[in-house]
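Reading through the structure tokens given below for one structure.
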Amino acid sequence: MNLLVLMIALPLLAAFLLSIIDRASSFAARVIGPLVLLATAAIGLSVWSQLGDAPQAVQWGGFQAPLGITLYADQFGLLFALAMTIGTLLLWPRSTGNQLRSSSLALLLAGTGSGLALSGDLFNIYVFYELMTVVSYGLIASRGTSGSFASTLRYLVISGFGAALALAGIALVYQATGTLNLAQLAQVAPEKLNNLQGFAAFVLMLVGFGVKAELFPVNMWVPEVYATASSRVSALLAGVVSKLALLIIMRLLILVFHQPEALTVLLVLGILGVATGELAAWRARDLNRMLAFSSIGQLGVMFIALSIPGNAGIFAALAVAVHHLFLKPAMFLLAARWGGSIRRLCGAAKTSPVAAGLFVLLSLSLIGVPPLPGFWAKLLVIMPLLTLDQPLYYFAVFIILAAASLEANYLFRVVMKLYDKQPTAVPHKAHATADLATAVFLGGGLIAAVFMLVPLADRLDSIAAQATDVSTYIQTVAPQSLEGDVQ
Amino acid sequence: MHFFELLVELLLMPILAFVIGLAMVLMMRRIGARIQRRVGPPVLQPIYDIIKLYSKETQISHGLMHEIGIIMAVGGYIAAETLLPVPGLDGLADKGGAVTLAYMLMIPALGMALGVGQCANPNGSIGISRALTAMLAYDIPFILVIFGVSYVYGTTNLAEMITIQQQQGVASWGIVQMPLLALTALLILPAIMGKHPFEIYVAPAEIATGPMVEMSGKFMGGLFVMQCFQLYTAGVIFTTLFLGGGLYWITFLPKIFLVVAIPMSVAYLFPRYRTEDVLRLMWKWPMLLGLIGLAVVMK
Amino acid sequence: MSMEFLDGNTILYSAAFGLMLIGIGGIVISNHLMRIIFGIALLEAGANLLLLLSTYHEGASAPIIVDGIIPAMMADPVPQALVLTAIVIGVGILALALSLAIRVQRAYGTLDMREVRLRLEQEICDEAGIEMPSSSEKPAEVIKTPVNSVVQQESGS
Amino acid sequence: MRRFTAALFLIGLGVMIAAIYQHMDFSNTALNAGQAINSVAAQETGAANFVTSVVLAYRGIDTLLELTILFTAAMIGGMVLGKRRVDAPRDPDAGFILRTGADLLFPLLLVVGLYIILHGHLTPGGGFQGGVILASAFFLPLLARPGSSINQDVISIVEGLAGATFILIGLLAMSEGYEFLSPLFDKGELGALISAGSLPVLYLAVGIKVGSELAGLLAHLAEAEAVD
């Protein structure tokens, strides 16, 4: 028995019962969601503290792997599960007309995200992923404008396309190996998936799971959705949910797919993502879409990092992901009141000096100005790229550096407007206290990271090392062999 | 002991850079004067200028951000100096490398943007948005150069680059090995230095608008100091990448002065470019040259 | 692998891949939202069939014990359970897509994807207070609403 | 141009699929998780229908999640479609045949649906299939009488309780010291109606939940105002 499953089960239970609770007491319905998430976060933290170097595996229903479904908790997965839970808590969606539904959706998102981060079964990952997708449709559409419906529908089309492809990829994997358990796949993959079929399965799943990770060809939804969804939802999607999709791709790369071609595919798509995302952000004239495009670019950097073979790549991708996890939600929260045309921002620093200062700090970190954490994260990507000594990897370095100067350009265009003293016709509204407090909290995390760089890097390194430790994964899950016990 | 040595180096490097930068400013002005058939300022003029600027009353200050901006602009360069290896002083060069340097050189422009953005002057904003665009214009070819060079030497460590070039003689100098990239760097050098003919965003003295109007007294002094560092940095980077750096100041100094002098004397012959044209120019010719150069060295 | 042209596997796998191709074709080529949604449904059907085929072999009986008799060769129950799950998920998403399509149709008066995109872009730009960037592509011919004229006025002023 | 690119893309995809197909190994049928389940499922779960064992026991969490997906989809559907305006035009009344047929079929569908749900662990079928039949039982009258409507409040209570039951059974297993969603109760005789421990209870919850959610979703769609 392990309490870890409660991180998934409790939010689902609360979400199911929320409308019934609301009938009894609307106050209870308002507070129960955050309370449940606090409880699950506490469970996650307690498991984290006892985790140490030994990952844990839980079999749902007590059935032996690979027959049942495995829940695999290492620091890597648990980190993102906690990020999802705490992130949802911080960015608890507010909606005027649909508060009850929004609360249910937020609970579902937290539970699903934790499950996605911890799941050790291929099809189970697919189901979790689909649920998270559906929940994000709801969160986007909960704004209730016709634009949010249209962008949800377009998102749904791309997502549905990707999900079906991922399903086909899973079919190919099961066809080749006869198992869906990641640990067992890790055992048999070198023998059975190191061929064209395995590569095809990887590409199909990459496209499928890449939709949420804002992978290059399937990220057309990003600017529309982030421009039409409420800013808290955008912050959740761009900050946390995209990282979870990335985590799946990382897991698949580490455990199942070892083809060198797979890395090349990632590298090329990553480069294209960075180039298109940053150029589009440079051209964007409204803050929401600028941030959305820049998020595409950042995820492109993570894909480039993933394409570095071995431990260094996972470490670098993890560092960039964690940095982005703090940074993007804060930026979207600031964009809550500053959304719309950049030109309208003239002089906004006057009404909200704290927010403006914070925006400067976040921008500097995003560009990668030393000594802010963003710089070290990017350096972790660039350095191993340079040692690989291949033209395409060098080109990736060039793209990342060029992207940094583009970022500097467009972000400081915004900063300049903020500090412009010419008044605009419409006076600026100050930020909501909760938004600003959350953003300051996240920004404070960034600054704190500057002073704890070395221990932080060590910790991330150990997390990455644990994530890439395939043999421990197999030993912990210990799937029974399929040979012999068949008629 | 080791730590103390490093501390001295970190202090010494910016100071040296400042002094040499002052000399470069003087040289640049003299060149400009010669081309325009004037006598030019006396030897100590840059020092007089700084004293004058700092002793003048600061007429207007736009609050904290304004000052932070200038501090960032100068500080960025000071930090960059500690990353640039010069004869006898390595500083942080073997820790940072070319990539860190590329990021560092972005800071001053951002600092300027931050500071000037705070001013009420709309023309200041225009000037800064031009400055940012100009930065974008030269940064992309600049990065192209940096990574072509690191590809050839197989390292991003500037100190190692110097060692390689010094040990293997002139034939291994960057300018011989990759002339096209060197030419690219030379083309963008005036833009990196923020000098003629790519300086419309600064528009010093002649035009009564632009960011400089808001910079009086100590701010102007800060910018003047920054200019010294700017010239010095550009010269040292080029020398390190392409001219073998230097083991002794006696060979190193002529190189960096030459690097600054040559593009300056040519650049003074051209009229100023508009910012859009800078972007077009930079992304066309130096980019093209850089890409060809890259193709040549990567084969 | 059998080289016969029309063995069971060939036909079944062709059906699965064919359904997927038709579905993708519908999504990629068509502009009408309903057709795109049906394309997704077809693509899902193909993927489900592929999943079901993954451990298919001829002559296996259903994995059910009837009257205590255990069949000699039983089909693999896992893909069946997976496909059941996948179908239900597909139904949920399909219903959601249709609900959204109803609302989009009500708001924009059209289900043409290009036009929906254009209107969406217009809406985002209006909300943000910026001019819509003029596209180099030629505008969709079906547009009757004065989207273009608004753009021209704005850029002219 | 766009269509040309699309066609090119499709051709490329076709070639890729053909290549995969050429390399695919069709003989791989012996060694897989499903066959392993076939050999142990009867003892471990006590259900005669092994697919049910997989759906509810071995992969029970998948089932919980797909229920949640349906729940979420129904909830979002309600949110997106919104309430019907009072003065919105109604569909014309259905004819006599449909009305009578709906009335006649209602009890039959109810019985068949429940039968299929309750025999899910023995015969093909189960909560999902039976749930769909239940949903159609409640949906048919809506088609027959366009003015009438399903009480969405009741539906939301029923689906919430059914979903909670599923999770609570899982938590019950945890409180007894097993893992979440472990099979509970006496397994009984293989093939009997009352057997397989907690699986039929779970399937009943699934059936009711699927039925109420689909009915709610269909009702929302049917209620949606026709476009003028």
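Every chain is named by a letter (A, B, C and D) in the order it is written, and numbering of its residues begins at 1.
As a working rule, a residue touches a chain if its C-beta (ideal position, glycine included) is under 8 Å from a C-beta of that chain, and two chains touch if they have at least 3 such contacts.
Worth saying up front: this structure is predicted, and the values here are computed from it rather than measured.
Distance from per-chain Cα centroids to the pooled protein Cα centroid is smallest for A. The mean-CA centres of chain B and chain C are about 55 angstrom from one another, to the nearest whole unit. The geometric centre of chain B is 68 Å away from that of chain D, both derived from CA atoms.
Chain A and chain D have centres, each the mean of its CA atoms, that are 30 Å apart.
With centres defined as mean CA coordinates, chain C is found 24 Å away from chain A. Annotation for chain C: residues touching 2 or more other chains are 20, 24, 55, 78-79, 82, 85, 89, 92-93, 96, 100, 103. Among the residues of chain D, those in touch with two or more other chains are 24-25, 28, 32-35, 37, 58-59, 62, 66, 69, 72-73, 76, 80. Counting partner chains per residue, chain A shows two or more touched chains at residues 123, 127, 130, 134, 137, 141, 149, 172, 174-175, 178, 180, 487.
The touch graph of the protein chains shown belongs to none of the named shapes. Against chain D, in their complex, chain C makes its touches with residues 1-2, 9, 13, 17, 20-21, 24-25, 28-29, 55-57, 62-68, 70, 74-82, 84-85, 88-89, 91-93, 95-96, 98-100, 102-103, 105-106, 109.
On the chain D side of its complex with chain A, the touching residues are 16, 19-20, 23-25, 28, 30-37, 39-40, 44, 57-62, 64-66, 68-69, 71-73, 75-76, 79-80, 156-157, 159-161, 163-164, 167-168, 170-171, 173-174, 177-183.
Residue ranges of chain D in contact with chain C, taken from their complex: 3, 6-7, 9-10, 13-14, 17, 21, 24-29, 32-35, 37-38, 41-42, 48-51, 53-55, 58-59, 62-63, 66, 69-70, 72-74, 76-77, 80-81, 122-124, 128, 190-191, 210, 214, 217-218, 220-221, 224-225, 227. Chain B makes touch with chain A in their complex at residues 62, 65, 79, 99-100, 102-104, 106-107, 109-110, 113-114, 116-120, 122, 125, 128-129, 132-133, 135-136, 139-140, 143-144, 146-147, 150-151, 154, 156, 298. Per the touch definition, chain C reaches chain A in the complex via residues 20, 23-24, 27, 33, 36-37, 40, 43-44, 46-48, 50-51, 53-55, 73, 78-79, 82, 85-86, 89, 92-93, 96-97, 100-101, 103-104, 107-108, 113, 116-117, 119-121, 123-125, 127-130, 133.
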